[in-house]
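Chain nomenclature is as follows: A, B, C and D, assigned in order of appearance, with residue numbering initiated at 1 for each chain independently.
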Amino acid sequence: MTSSRYTYLGPEGTFTEAALRTLPEAATRELVPMVSVPAALDAVRNREAGGALVPIENSVEGGVTATIDELASGRPLMIYREVLLPIAFALLVRPGTELAEVKTVTGHPVAQPQVRRWLERQLPEAQWESAASNADGARLVQEGRYDAAFAGEFAAATYGLHPLVTDIHDAENAATRFVLVGRPARPSSPTGADKSSVVLWLRDDHPGALLELLQEFAARGVNLMRIESRPTGGGIGQYCFQVDCEGHLADRRVGEALMGLRRLCAGVRYLGSYPRADGGRPQLRHGTSDEAFLAANDWLNRCFDGRGELPGEAP
Amino acid sequence: MTSSRYTYLGPEGTFTEAALRTLPEAATRELVPMVSVPAALDAVRNREAGGALVPIENSVEGGVTATIDELASGRPLMIYREVLLPIAFALLVRPGTELAEVKTVTGHPVAQPQVRRWLERQLPEAQWESAASNADGARLVQEGRYDAAFAGEFAAATYGLHPLVTDIHDAENAATRFVLVGRPARPSSPTGADKSSVVLWLRDDHPGALLELLQEFAARGVNLMRIESRPTGGGIGQYCFQVDCEGHLADRRVGEALMGLRRLCAGVRYLGSYPRADGGRPQLRHGTSDEAFLAANDWLNRCFDGRGELPGEAP
Amino acid sequence: MTSSRYTYLGPEGTFTEAALRTLPEAATRELVPMVSVPAALDAVRNREAGGALVPIENSVEGGVTATIDELASGRPLMIYREVLLPIAFALLVRPGTELAEVKTVTGHPVAQPQVRRWLERQLPEAQWESAASNADGARLVQEGRYDAAFAGEFAAATYGLHPLVTDIHDAENAATRFVLVGRPARPSSPTGADKSSVVLWLRDDHPGALLELLQEFAARGVNLMRIESRPTGGGIGQYCFQVDCEGHLADRRVGEALMGLRRLCAGVRYLGSYPRADGGRPQLRHGTSDEAFLAANDWLNRCFDGRGELPGEAP
Amino acid sequence: MTSSRYTYLGPEGTFTEAALRTLPEAATRELVPMVSVPAALDAVRNREAGGALVPIENSVEGGVTATIDELASGRPLMIYREVLLPIAFALLVRPGTELAEVKTVTGHPVAQPQVRRWLERQLPEAQWESAASNADGARLVQEGRYDAAFAGEFAAATYGLHPLVTDIHDAENAATRFVLVGRPARPSSPTGADKSSVVLWLRDDHPGALLELLQEFAARGVNLMRIESRPTGGGIGQYCFQVDCEGHLADRRVGEALMGLRRLCAGVRYLGSYPRADGGRPQLRHGTSDEAFLAANDWLNRCFDGRGELPGEAP
């Protein structure tokens, strides 16, 4: 049964697998590494898997464009969970290797800017060569091609290596954000600390178009968390926007903002509402709670009967 | 039966009576002149009349503050109709008087700035003295106190006077806007060429408060027709705003804007939706028609089931 | 010498004269009452007076339209000072009259709504008749036409009357704002607690025009203190706006906002910058001080030489 | 002499070299391929080269993050030119190879999504393997490792290959934008069809911060051409923005907008103003021309002398 299978951006031993294993339900699923983000997501689209965990944003490298572009095009998918994994590399070596002996190091190209300063300080003479993934780098160390690989500490066991140095990361607070993607269905239940994701296509590229788009959120007191412009493939200067905002589809202010965007934009793709990994709750502006929306709706209905103002109520 | 009675700002023979008589239903009502706007409106509040016609705006003098303040305070009332009356004065004299013989003229103080240039050109030597109303001025001419009065041509007969010159108005397009006010009930039916009136009290007087208020309209593509600030009586710098906007309460964009204002403001008093006297229809911005609102609502509901994007639909 | 003469809205004994006498320079000027605001201002325009004190705003009645309209049209004038006078009426009677004997009262029509509740409570049977001014009412009491007049306590002596009751005012914080108007010249010196006044004509009456106008202020962190729409005389729906904002022409943020309005609007009439009567100082938004404007200007100039970023400066 | 040397993202035979050769001055410079964008730019920083040509945006893949991040951090650099190169691949084979014989193809990973649909149609059975660059792919075909490589047609001669198929590109209008980067100095001269680039760091991450930033442009009628968020490395949710706008630093509206951003933002890095490769000229909103800015400035100066309104000038 495919819904018992989760794909992820492989190979085994990558941070993505580590992120996936932080989800309780991962314990009862078959976890299948895939060679690429599109492959991991297509397995979900084709009902070969119930979900896919893929990276979507890295605090050092920025948005993972393969993921964003896949979610924005092709058959619709939705996000149901997010996972935030602090970035910390281990320097994996074959057992017995000492730091002074490391002359060649490898790792995923994305890893390099995140360990560059550490390398300059600790191994200024070492040669860097890129590997297809961090896990692949570990495999190449196992095979003896390089002396050391940057990878997650958890990858050491898989490849029979020793984590010589751990917790390596140039930037404080470095983290990668992963999302659990599934086929479109009812969004995750609201928790009070949620976020919602959409892709927005502007109707026309007039000067203030992006401003208008942001105002649809601002007018309802919905805070933006991230905005990423992506080319639509229609030529230089043609973009769509992937936006994360605070709150859940079921929050009235979010619903009204999304309806406003739907009316304003050439296209809106709803990517889901899901619990925030950081647990942050929005600071609501006055008049934007569900209660305020419902009271206003009730008032409007009374206006239709000439009872907008209740007896004894004074402005 | 009181609903068969309409009060109006008297005395008889004023422009207000003329405006009232343009309404078809006036023919079947008892029309009662009152000494002041508050008196005309209180008769409605006290169920002594079914409606009251009062001036609310003059293209030369501006808002009629007595009317605006009465609608903004006290027991709620609603506007059901508006009447636009071009301003054109007649110079009323006792039969036989010739223009060269006119040494003293009278009229309502509001009339003076609207005929000043005509007076300077045609009767540079004439003395002006103010009367309590244009009709009262006519009465004073009848009594021989003044040689001529500026009033509506229709007032001549009432006072046995002769309209020596007609169609006098310094400003092109000068007009007065009157409203028919009644007790709160179901608003007039939408006609497609409607306007809506509200009074808005800002929550706090922070710098951008008025800007935020206007953005509630702009965010839904609702055009403002008039905005008038009025003191709340709470001291210099404390205002409320009387606003007219295009559209009817039953128009989705207007309803959403009003609900937004209700959430934003300290108070909103809905004064009604009614046919525009000028018959103008709004130029709808893309995505603000009722159809667009309903389609967006339908889309939102589908998002709750994971069906935001229909098969074959592409952004 | 005409500059030694100040006109004011008369007659003697009105609140306007009382406001004028709060100005230190009034002691050395010839103070001349005039029959109307236009007459007081025309004396300045015609160099028969150096200044004129006229009411511009009343916390109960709102803007004094005669003053606003005069400042907005005709030969330019400028505001150099403002005076805030708390509104408090005295009930003036002929010496010996007791409260129970008061059957008829008079006063300026504007006074009535400000003492109405007091009258209902204290003299529910008394008849009100309007006078041309509060001082004129006092004169009519002196002449025996009415039993009592509402006027400033200071008017008692002038008309040989007795202030039977003092400090009468229905609304708390009721006040009238007066302005000292002169021919255009260098504005008053900045004090740090200033306001500036302008009249703005919109270029065209498109929906968002007023919003754009307000955004010119908001974009530079300039707080609005008052906005009053006035008909331009071009027909219903044609307005200009009289706006007071915080700050002085010499404040960079105000200067840039005014230039922005000058570019945006069909017309801008600068009415002056002058000390705030309430002494209030603006709370500056980050980046809107003169220092911030000068630093940004300096930075821009350096950008022209490729030195936008100084050595050692990091974003 | 180093200013006679231009570096570029190598190796030889890439699109970057082709773009560089479209610049007239390239004919008189020594063109030096570098292994990476940072290497190409560091050569300029270290005065080993006078300029560097690097890709900054691809209409299929989006922003070239290595370039954007390098421009946003480290020692300042400026952009002096941009080059737009249509993307069109040739399928390069060893002379004599026919299409039916192609079983393995290679190319830069970025090339793959741009030829995927062509491959599916023409060579559905062919295996794709990524190469370090398109030129490197050509070299590997020369060496016999693969049957065919996607690269620029211009690369064929360098590697002794035959362009079997030319003008391959899945997307219409696909193009890459390159920028010529140098050390900070006077910007390129205004041409009337210019763009300006900046990096902006928000002061704090409050909800409306991005909206405020965009309003600085909008308030002066400056059109945005591109906005790209990039992580600052300070953790998930911490971004800076790389923005391209219409116009030149020397345009008053651009200068005022940049000063506004300088006041608003925690940091602004000016990256230069340079001729638009597409030659497009901005459609100026009313009141945003240099003439309008200068006239407003002149008016403001006159206001300081009480001569805001010139004789005969009426609003």
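As a convention for this text, contacts are C-beta pairs under 8 Å (C-beta built on N, C-alpha and C of every residue); 3 or more make two chains touch, one makes a residue touch a chain.
Just so it is clear, the model here is predicted, and its values are computed rather than measured.
Q: By label order, what chains touch chain A and chain C together?
A: Looking at chain C and chain A together, the chains touching each of them are B, D.
Q: When the centre of a chain is set as the mean of its C-alpha atoms, what distance in Å lies between chain B and chain C?
A: Taking the mean C-alpha position of each chain, the two centres sit 26 Å apart.
Q: Let me have the rounded angstrom distance from the C-alpha centre of chain B over to the C-alpha centre of chain D, please.
A: Roughly 57 Å, centre to centre.
Q: By the touch rule stated above, which residues of chain D touch at least two different other chains?
A: 215 - these are the residues of chain D that touch more than one other chain.
Q: Quick check of your reading of the touch definition: is the inter-chain graph here a line, ring, star, complete or other?
A: Its topology is that of a ring.
Q: Hey, which chains are touching each other here?
A: A-B, A-D, B-C, C-D
Q: Per the contact definition, I'd like the list of chain B residues that touch chain C in the complex.
A: Those in contact with chain C are residues 57-63, 65, 84, 171-175, 177, 207-208, 210-211, 214-215, 218, 221, 223-231, 233-239, 278.
Q: Which residues, counting only chain B, touch chain A once they are in their complex?
A: Those in contact with chain A are residues 76, 78, 183-187, 199, 201, 203, 215-216, 219-220, 240, 249-250, 255-256, 258-260, 262-264, 266-270, 286-288, 292-293, 295-297, 299-300, 303-309, 314-315.
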